[in-house]
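Have a look at the structure that comes next, please.
Naming follows writing order (A, B, C and D), and every chain is counted from residue 1.
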Amino acid sequence: MAGIINKKKNEISNDLGLGTRDTGRRGVNKDGSFNVERTGIPKFRYYEIYHDLISMSWKKFILLVLLSYGFVNLLFAGIYYFIGMEHLSGIAENASESERFMEAFFFSSQTLTTLGYGRIAPVGALASSVAAIESMLGLLGFALATGLLYGRFSRPQARILFSHNILVAPYRDHTGLMFRIVNQRSNQLIEVEAEVTLSYQEKGKNARSFAALGLERNRINLFPLSWTVVHPINEESPFYGMSEKDLRETEAEIIILIKAFDDTFSQTVYSRSSYQMSELVWGSKFLPMFSRAESGKTLVDLRLIDAMEKVQLPVNAKVLE
Amino acid sequence: MAGIINKKKNEISNDLGLGTRDTGRRGVNKDGSFNVERTGIPKFRYYEIYHDLISMSWKKFILLVLLSYGFVNLLFAGIYYFIGMEHLSGIAENASESERFMEAFFFSSQTLTTLGYGRIAPVGALASSVAAIESMLGLLGFALATGLLYGRFSRPQARILFSHNILVAPYRDHTGLMFRIVNQRSNQLIEVEAEVTLSYQEKGKNARSFAALGLERNRINLFPLSWTVVHPINEESPFYGMSEKDLRETEAEIIILIKAFDDTFSQTVYSRSSYQMSELVWGSKFLPMFSRAESGKTLVDLRLIDAMEKVQLPVNAKVLE
Amino acid sequence: MAGIINKKKNEISNDLGLGTRDTGRRGVNKDGSFNVERTGIPKFRYYEIYHDLISMSWKKFILLVLLSYGFVNLLFAGIYYFIGMEHLSGIAENASESERFMEAFFFSSQTLTTLGYGRIAPVGALASSVAAIESMLGLLGFALATGLLYGRFSRPQARILFSHNILVAPYRDHTGLMFRIVNQRSNQLIEVEAEVTLSYQEKGKNARSFAALGLERNRINLFPLSWTVVHPINEESPFYGMSEKDLRETEAEIIILIKAFDDTFSQTVYSRSSYQMSELVWGSKFLPMFSRAESGKTLVDLRLIDAMEKVQLPVNAKVLE
Amino acid sequence: MAGIINKKKNEISNDLGLGTRDTGRRGVNKDGSFNVERTGIPKFRYYEIYHDLISMSWKKFILLVLLSYGFVNLLFAGIYYFIGMEHLSGIAENASESERFMEAFFFSSQTLTTLGYGRIAPVGALASSVAAIESMLGLLGFALATGLLYGRFSRPQARILFSHNILVAPYRDHTGLMFRIVNQRSNQLIEVEAEVTLSYQEKGKNARSFAALGLERNRINLFPLSWTVVHPINEESPFYGMSEKDLRETEAEIIILIKAFDDTFSQTVYSRSSYQMSELVWGSKFLPMFSRAESGKTLVDLRLIDAMEKVQLPVNAKVLE
């Protein structure tokens, strides 16, 4: 019965929203992103501006702020220059045209940031009006930029470290599918919940099926150490009775959704990941990640997230070839 | 039995808060707003200011900011002018009255934005006091304006695209009422829930009744693709045994409430919509919106939200005239 | 059986946290505040500053901002004056001492708000250092003030209007205890839940007891109109079989907790209120608050929240004296 | 049966995430922090910056802001000095080198805060460019600093006062384990939930076990007064039938997680604490913390949180030695 998910034991109870057409690829990447591209969307969607600016890379964001700052200054420098430099006081009489433009540029930057040294100052209605508008735009624009900057810093995000492999290890008198998570951040996570879903392709069908995998427990109250999430391979499990070879042949993908309350940000955060059968280790168990520190405290070593050792699967385990 | 909802099968379990008086109109518009006007409310309610400013159109908001800026500057220009222009240094001796007022106006704008070039500066207690107050008001006022600007940008809002029609399509060995949704935004939505409610008018009664419509599933974990929400027309359904003509004559309205967790904003968002019987398509099914991209990724085309094809309803479907 | 709550039918299932000692007073006021004073708390608790500033009255808040601004300017003016006015450039030689102090005061305000006209400017290390520190404090201080200002404006708060009276009206084939709520704000409230608790004093006991009152429904999805919350006085009700006189003699208090999701703020909001037996109207029912507007829309008139009419209680109602 | 938890009655239903290895120490400290140290984490994690800055002590935070301000000014002063002081106008001809550097320093501070008096102003492309960049950095940097300052002030945090001891007191016809909590803040807490978990070491095992402790009630709606949380020591309790000596010998730790909705911040807040057997008081009960004030209000005295009196445990209590 190589590679055939026990469908009768496997209630399709949990649509992940990944669709049931087989796409022959991992649905959820290790970092939790989806293997999905979207098309048919208008190029410019004003309601995406915030999302794009808050989720772009830091490098891109900083570059964008600098370029915008330069561009807006250039633009206003052009306007002041066009209005006539005689409407800006404090510019040397004998200045060359390029020097004049440069003075306009720096006057613009001093207006946009509301610095206003005053060495150069607008005289007359037109230049003063442009400066009044520029300073207002500067306040509004920098409010957006600094809001985004702070928003990026303070954005609540879970950083859950997942074990690289998913193990089949002894569990009670049978076996269990196990992976391990640990919180990478200093924030306390509370009421951590795990949902584990199996995504697999039925033989002879061009479609993916989904099944929720039952867990030993799907919620812990506090999460200061590591948590080994266990799917018991018992009679209820779709993997019940499968050999290592069977399992690998299913081309199954195991999709993880972790939900927690972040006690620092007072907000709910999520983390996603997935395992493929190539990441399965048969007959190993995790070694503890923690020891007692000299201070008497429990010491958790995050480098041990993948520490495991070979182990004999129970002879009475109902995993038969 | 044309157009008569099977009331005995139809537990009125879900009051939408839309009232039970028939108003002869759609209760919920396609965009999720309500066909409701409110009266008897005081014209000015200070606790509505924020709501009004955050939800008005961008055009209105920008206009309001510009007008307020101009108005406040006019007001303070008036005050400085009234105090006497001799209390502002830096104004040309030979300036006309209108030039003096203009200088007061631009001095005001330079004070409100805390630019403070200093070409014009207050001298003496009265003008200095007004400037001190204006700069404080400027800081507070621009904080409100920029806070609102940022609040408008960063406001969490679901943008769910609903299929234009609701279909009666084959579902298992009978039929189902189906509509389709897709996320228009780049944000990931997680734990998406749908609640579908039927609103209809009972024959011979001047009142609307409500009934929850059972769904194949009312929650998906992840939502990277589309989700076809299905109400199975089985023995439990109020539509059980109805013909197309029956259905259309009910003048029923189907009201949708979608709830999701927005992973970018870390907040819960809602989306509403509704279908009327004029938007019903009998005997069609949705075509997939996704295909495999050359990159191997799943490609979702949002333009296909309404893609459907005619389909024969199952002969053994319990939909009889 | 005058005034005796049917205790056997009345499972004490819902401790409101109001304690069980009788205090002879309303526990929850009409506006939702508690009749509770707290003592034994340290006078100054730094973690209450934010709460105090965000919840004080607008009048107090504005006064506090103005006074702080004046005080800080006075303080720094004193420091500049103490350092010596010769370290501020731009002050007239022949200025009197009081004029000098005034100049120091306005220089301070121009520094605190980062206006910096420059007519007066610091010269030398000491005055420049103080100005450098003052401008930094100005930025931080105004950030707090403007943050609080915006926080006060944008604070999510439900404004639920409760009917002034609680009615005993016909409900199905018996009677029900009813009150009515409507949303005063333009925000849409979603998934509105009501919890109604009875607080009463048992005869011969110096203690208050609590009981949850069952509701016809305790949740509505959408809340564009009004919602009449109904506690059916059936066999399960602690009021079952009571006459008007009985009811009034119980000195019971009915405490309401409304919970909703505010769709504008994307946050959960709560509202509390209570009814005493003096607010009970026996044998009346609410009149509709809505009619059809000429536009075809449903028109809700908030002034009709208390509209009711006398009604005969059903003869077969199980309310016997 | 001294000190042996009745394991058969004790379903291990509640993994606290504290691990099952015995570490011989309290798992959760009185203040709710964990006795856990973490290692194997990269020294610098950019996503921890916000967390570190928001949760460090006020003293540290203020020092950091001041030092950063000084350091950035020093840095830019160095740059201006390096560029050449002749590019800053307004500096006295006869100034010494150290005076020149000092002028550069204060010019920098006036630029960073966007004060811009203008007594000293940049002349020429290089100095003006540096000033343009510095003022932009100033705006961004102060936005971060002021955002953090406000974030620290407005951070939602429960301040629940726990009674110092946990009592064994009469409860109905047997006994109960009781502790008491009260809200230290002026914020209203709503829908307060308690979860109480027993952590103990099984005899002869080098591991900790966990068990949820059932509560009389685990949720109250409103929390204006105190709440005595009661674990009834009945047949379901792991402590059933234990004497005081037995209890103390278990070396059990009782871990508390309180969850509530903060009505001022509109956010969910958590509070943690724990009790060890050394904090157990056998045969005492809490005295009320509230009395009637002259105003008729209920008066809560937080200093009475630990007020208790000796009490005879019921003779028919099933607590036998």
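Simple rule for what comes next: contacts are C-beta pairs under 8 Å (C-beta built on N, C-alpha and C of every residue); 3 or more make two chains touch, one makes a residue touch a chain.
If you're wondering where the values come from, they're calculated on a predicted model, not measured in any experiment.
A.B. asks: Indicate whether more than half of the residue numbers at the chain B-chain C interface occur in both copies; give same if so and different if not.
C.D. replies: Here the answer is different, because the shared fraction of interface numbers falls below one half.
A.B. asks: If you average the CA coordinates per chain, which chain's centre is most distant from that of chain B?
C.D. replies: D
A.B. asks: Per the definition at the top, count C-beta pairs in contact and tell me whether A-D or A-C has more.
C.D. replies: Counting C-beta pairs in contact, A-D comes out ahead.
A.B. asks: Report the inter-chain centroid distance for chain A and chain D in whole angstrom, where each centroid is the mean of the CA atoms.
C.D. replies: Going by mean C-alpha positions, chain A sits 26 Å from chain D.
A.B. asks: Using mean CA coordinates as chain centres, what's the gap between chain A and chain C in Å?
C.D. replies: 37
A.B. asks: For chain C, jot down the residues that touch at least 2 other chains.
C.D. replies: 114-118, 147, 267
A.B. asks: With touch defined as at the start, can you tell me which chain B residues reach chain C in the complex?
C.D. replies: Spelled out, the residues of chain B in touch with chain C are 14-19, 21, 23-25, 27-28, 34-41, 45-52, 54-55, 89, 111, 114-118, 121-123, 125, 128-129, 131-132, 135-136, 138-140, 143-144, 147, 151, 155-156, 195, 197, 255, 257, 259, 265, 267-270, 272.
A.B. asks: Which residues of chain D touch chain C in the complex?
C.D. replies: On the chain D side, the touching residues are 65, 69, 73, 102, 106, 109-110, 113-119, 142, 145-147, 149-150, 153-154, 157, 159, 184-188, 190-192, 217, 220-227, 261, 263-264, 266-267, 288, 290, 292-293, 295-304.
A.B. asks: Quick check on the complex: what are the chain D residues that touch chain B?
C.D. replies: Its residues touching chain B are 114, 116-118.
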